[in-house]
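Just so it is clear, A, B, C, D, E and F label the chains in written order, and each chain counts residues from 1 on its own.
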Amino acid sequence: MKRLLITGAAGALGRALRPRLALLAETIRLGDIAPADVTGPNEEWMHCDLAEPWAVDAMVAGCDGIVHLGGISVERPFDEVVTGNIVGLYNLYEAARAHGLPRIIFASSNHTIGYYPQTDRLGPDAPFRPDGLYGVSKCFGESLARLYFDKFGQEAALVRIGSCTTEPMDHRMLSTWFSHGDFASLIEAAFRSPVLGCPVIWGVSANDSCWWDNSHLTWLGWRAKDNAEAWREKIETNAAKPTPDKSMARFQGGAFTDNPIFKE
Amino acid sequence: MKRLLITGAAGALGRALRPRLALLAETIRLGDIAPADVTGPNEEWMHCDLAEPWAVDAMVAGCDGIVHLGGISVERPFDEVVTGNIVGLYNLYEAARAHGLPRIIFASSNHTIGYYPQTDRLGPDAPFRPDGLYGVSKCFGESLARLYFDKFGQEAALVRIGSCTTEPMDHRMLSTWFSHGDFASLIEAAFRSPVLGCPVIWGVSANDSCWWDNSHLTWLGWRAKDNAEAWREKIETNAAKPTPDKSMARFQGGAFTDNPIFKE
Amino acid sequence: MKRLLITGAAGALGRALRPRLALLAETIRLGDIAPADVTGPNEEWMHCDLAEPWAVDAMVAGCDGIVHLGGISVERPFDEVVTGNIVGLYNLYEAARAHGLPRIIFASSNHTIGYYPQTDRLGPDAPFRPDGLYGVSKCFGESLARLYFDKFGQEAALVRIGSCTTEPMDHRMLSTWFSHGDFASLIEAAFRSPVLGCPVIWGVSANDSCWWDNSHLTWLGWRAKDNAEAWREKIETNAAKPTPDKSMARFQGGAFTDNPIFKE
Amino acid sequence: MKRLLITGAAGALGRALRPRLALLAETIRLGDIAPADVTGPNEEWMHCDLAEPWAVDAMVAGCDGIVHLGGISVERPFDEVVTGNIVGLYNLYEAARAHGLPRIIFASSNHTIGYYPQTDRLGPDAPFRPDGLYGVSKCFGESLARLYFDKFGQEAALVRIGSCTTEPMDHRMLSTWFSHGDFASLIEAAFRSPVLGCPVIWGVSANDSCWWDNSHLTWLGWRAKDNAEAWREKIETNAAKPTPDKSMARFQGGAFTDNPIFKE
Amino acid sequence: MKRLLITGAAGALGRALRPRLALLAETIRLGDIAPADVTGPNEEWMHCDLAEPWAVDAMVAGCDGIVHLGGISVERPFDEVVTGNIVGLYNLYEAARAHGLPRIIFASSNHTIGYYPQTDRLGPDAPFRPDGLYGVSKCFGESLARLYFDKFGQEAALVRIGSCTTEPMDHRMLSTWFSHGDFASLIEAAFRSPVLGCPVIWGVSANDSCWWDNSHLTWLGWRAKDNAEAWREKIETNAAKPTPDKSMARFQGGAFTDNPIFKE
Amino acid sequence: MKRLLITGAAGALGRALRPRLALLAETIRLGDIAPADVTGPNEEWMHCDLAEPWAVDAMVAGCDGIVHLGGISVERPFDEVVTGNIVGLYNLYEAARAHGLPRIIFASSNHTIGYYPQTDRLGPDAPFRPDGLYGVSKCFGESLARLYFDKFGQEAALVRIGSCTTEPMDHRMLSTWFSHGDFASLIEAAFRSPVLGCPVIWGVSANDSCWWDNSHLTWLGWRAKDNAEAWREKIETNAAKPTPDKSMARFQGGAFTDNPIFKE
């Protein structure tokens, strides 16, 4: 690619992924409302408030691929969720439509289905059961993405990220952990594939106790390589084991199900 | 019931349903941003802009059932959709939560799945394929409803209305027609049932050529009684038959799939 | 048939069915541990304690069809359940094997699946979820029946009876009611069919709010004719409507789920 | 339609259907290798040997709809099956492709799945289990039809005819009977529908003991009206009931499963 | 755990597992009707006849986990099966209920589904098809376990053991073998998991030709490590290959399907 | 085996497989219409035109296993397809029936389902969607094979070969490649298994991006060992990547979907 846009590039996930994606394009454009350290030789930063259509349009112009990590990524008051994840996503999609439909990797979330019990195994077609307003905003996002695919042919990977961290740190993450390396190789595979469509993809490593089934996705030629099981002993030593009545042991979304509807 | 709230009561659907629901409660509260003619002996009107949390709260207070027909019901610019169907629905749900979780009949839409071809038969778990921003807002609404059910036990019937008119008027409506009588008997059954949960319900009559499968719903004890087939001859005489390449003959959402993304 | 055996013939269900089955055979043998009034011209009574192998053998000898209503039909202490429904059923099957494998109609029960919520719709392959020791004994019975079919070709209809009474009497029975007429016509169809195999059959009338799906059974040519809906008004007038937290409104097995493990 | 072609028009099925289809087109062309009595005012006969490409081409020219009943319809030696149903069908499809892709009603057969036991209930996607060379030739035909639909957009209804006779005459036909009236109304619905695609359709009336499931087809707006059950008493009086070991009681294809591979 | 109870500890399977489970608890209580050699430093033996409620109660008291291997494990006369596996299991469950619901690992069996052909692949919800009275008693056991889970929350792993031996010894065991190591790691995972519920688990190693599908179980974080394939050459050299008509080549339960109903 | 017949032995696939199958039988009979170099010490050549029943009969006589690679393997005019793959297969099956039903490995093809999009994952029961006349002839072949299995018990493995070459050479073959080694080990497993039946088997290696699901086949004890992924770098360097609108990127059958109906 000539230019790959990474939104939310100044966030934790953006910083972790940037070096791993550097070779995917001649230029990596870092979009964020916050300043992003430009560290790579082919990186450029562009300030952008996702709520402003003209700013999003300028950011997307000239890019032939988008990794959309921007917006709200935790539970927040509803007006912030609307601004960042609902209006913001609409602005991004309108900009992509105006600029040639560059392929999009959309950071969706396991919190779209967080109320399923941990004993369920889910495929991509399980109905939404969001665990908070943040999760609902990602349901909105996946629905909007599907609309633009059906109406305009806008391709996107809807990646329901589990827990994307350096290493798994609690019992739930033995199931939900998504290594930075596996996320990067998934992004590479999604851009490499001649056809992408608009699939739901579970963003999770090859963990022994994974709840999610990516077997519908074999055509993509991507296989997760890491396995949270390697950290089990460390976790069982360091982390308190949740009792069976706790949300961390009951629901796939874990403690998000305990969140109140957030008001400031 | 003591008091049943009907939002959007001044609209076409509200006016058609009101006489049929009059016996369900001692008082029928008609909520709308526009004035609603108070015609029934037990009706009362209350002005309400769904975008104002305090107004919604006042409208919901004292009601033990809600038929939510309010908001945008056609394709409109995105900011109107956000205000009426996203912020507005959040306000309604927060008000219901504050006032004892009265059961809600939520007017969702077939436009949540409008991009499926007419040769598909859908059950309630088919993934969303909205056919416009209006449809996406209803996907948001169903997701929010599911969240409040899982988190707070708020019961609701998510009624994906087909074409709710006095009679079917074109070829597509031979499949999608939902008679006023069948909608009214569904609302009655949903309030009557000891348990409701949060089911997706296809709002459609017992049409010979119906695309949607309500067989998951037999526990409710509701059966549609009307059948659009009775109007076939009249329609075939009066309405132009769509050619196979037209959206009216291809997609379940019909001409909505032709809509552009609406901008004013 | 020459001789049809009805076990448990002195019980309420036996008495209700006998006149309706009189034409199925030249002689109707009434088997029961209690005396059964011989009222029909072609009826004969035979005393039998199901716990005694020799008594069961004598009762079965010479019969070319069996309607097995005998044994325990309510929650009772475990030793009674073992004697009547576990040892008793084994004795019946051994006797049938010794006497030419006469076709068996086995009165199983909805209490084999009583813990499913009322909002589920079940087909014949749903795993067991019994609601008491009585229900467990019927799970045993269905398993034994399947064994004798696979090993010896013993055909049987495993009829999971809902609520077989003169008329439906409470809200749950709007879903579970099985009219005497429909049971009788099912028995006739099961004996008439050239091949029976060993199917699970939901013993339920054509109620609007039925939870159970007999669509796997169309080959049998049997259709229930009655519908509990005809009694709704009477029930809604006379019977207390269960609140949503009550087992009568939550579980398919109704109040059986409230039963303790019975000890005398 | 201007001109509707009925092949095999001189056969029993052709003769029964012709009066019922007379209003579908201005001219009804009767194609057959045998002379067909021209009885209707708008009928014309055209001689055609399906094995001759040029003859088939001439017969198809000028028609805007085809009801293909021609070819072999019983078990015959393999070379006859190849000529009539394999080469013949290829010729018909090539002619249709050359003349504007007129919609085709293809008389397939229950003998494509005749080896399924009668206790199975089949949907349209059950893998083939033909019961003879005739059945295999219809598997070929459905496969060829699907190819021409995917490659050229040739629409066709693949009607797996059960037993299309004036009335049901044996126990198996209580399940498989397809009345002439229901076949005619199906043909009308298939030509009327704006879109047809290439669906498998079970050609069977609304028999109580039907084995086949047309519920995928509700979009077509066709419902069978007749029911073989009305003849049960007559059949049980006049026809010998098959014993359970007989193919007429075991397999959906009935006695066809007993046929040897036919050699002359 | 403080104290883990292993019933049937004097049997072959008990002796094989004991050293592998020694670290799971401070004390390992060995329950059996036969004397069990106390060989481990933290083992204690307790005599128990499962048919005696008071004896079972005493054995269970003070244990916070149970591995239930006791009872009949081969085909035996019905009265022995009733005593050991039906009354005995009821006694065990009543004792567990009286003593705080310690988690149970229940040794169920592949003989609950032994009549399925070897060419079927089974998930946990396949209906029972037991291959003998022993198998029926395990169907009873799984049903009782489900009852106590639904009614009282008693958690249990229902392990359908294949062939748990030191190494696989015949062709069928290439599919059914369950290594001692894999069983021990499964038991550890079942006690370790914060939530267990009442799942059916196929007790089988990671054999290339395994018939059973544990993919519903990924949340448990257990993976079998051994593979019978490593013994194929040895088996093909030493064991007679069954001909296709033999039960060892036809049914999942193997030679158990040949057993008569056992009488002494 | 005493004698294994390989038809089409002079073709590319035949030549590649022969050395790998040499140990399966004392004698390897090479059947082909073209001369086959006899290179192995236990090979014998026999000329055979599949269109001649007597020649096929002579070739099959005395063989106790058949690997049927003969016939047309690319798109050709319809009369050649009929002769080689329809009449020829019938002749082979009739010969096998006359000579004791030796087990058959039938080289079917992915072109039976070539019109499915590459984003679908198929199991063995997906309805046929052939991509040409060659593909249709293989649909015929699988249907005929199923008939002879149901009617006569003729066992066969219906191997839908992907791309059986020395190494994968383009992007599509990263999904479809079937190594010679994996095909040989599959043949060995199919002859080794006590029971074979008549399964559909995807002939494909363990490629990361495989579209086809063999999980129904675990009872066979066969696992593919090779993985096309090892050649990805080489392919991405040497082969042009198809654009998303090309059949090579859209359909499972690849460029076969572009073929016209072949006429000479």
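In this section, a residue touches a chain if its C-beta (ideal position, glycine included) is under 8 Å from a C-beta of that chain, and two chains touch if they have at least 3 such contacts.
The shown structure was predicted, so the numbers you read here are calculated from the model rather than taken from an experiment.
Least step count on the touch graph, chain B to chain E: 2. In summary, the chains found to touch both chain C and chain F are D, E. Chain D and chain F carry the same sequence, and matching their CA atoms takes a turn of 180 degrees, rounded to a multiple of 5. Two copies of one sequence, chain A and chain E, touch each other mainly through non-matching residues, since under half of the numbers at the interface are common to both. Per-chain Cα centroids separate chain C from chain E by 32 Å.
Distance between chain E and chain F, defined via averaged C-alpha coordinates, is recorded as 42 Å. Among the residues of chain C, none is found touching two or more other chains. Under the contact rule stated at the top, the pairs of chains that touch are A-B, A-E, A-F, B-C, B-D, C-D, C-E, D-F, E-F.
Residue ranges of chain D in contact with chain F, taken from their complex: 78, 82, 86-87, 90, 94, 97, 112, 115, 124-133, 135-136, 139-140, 142-144, 146-147, 150-151, 200, 257, 261. Of all residues in chain E, those touching chain F in their complex are 118-121, 171, 174-175, 207-211, 213, 229, 232, 241-244, 246, 248-250. The touching residues of chain A, when paired with chain F in their complex, are 194-195, 197, 199, 215-216, 218-223.
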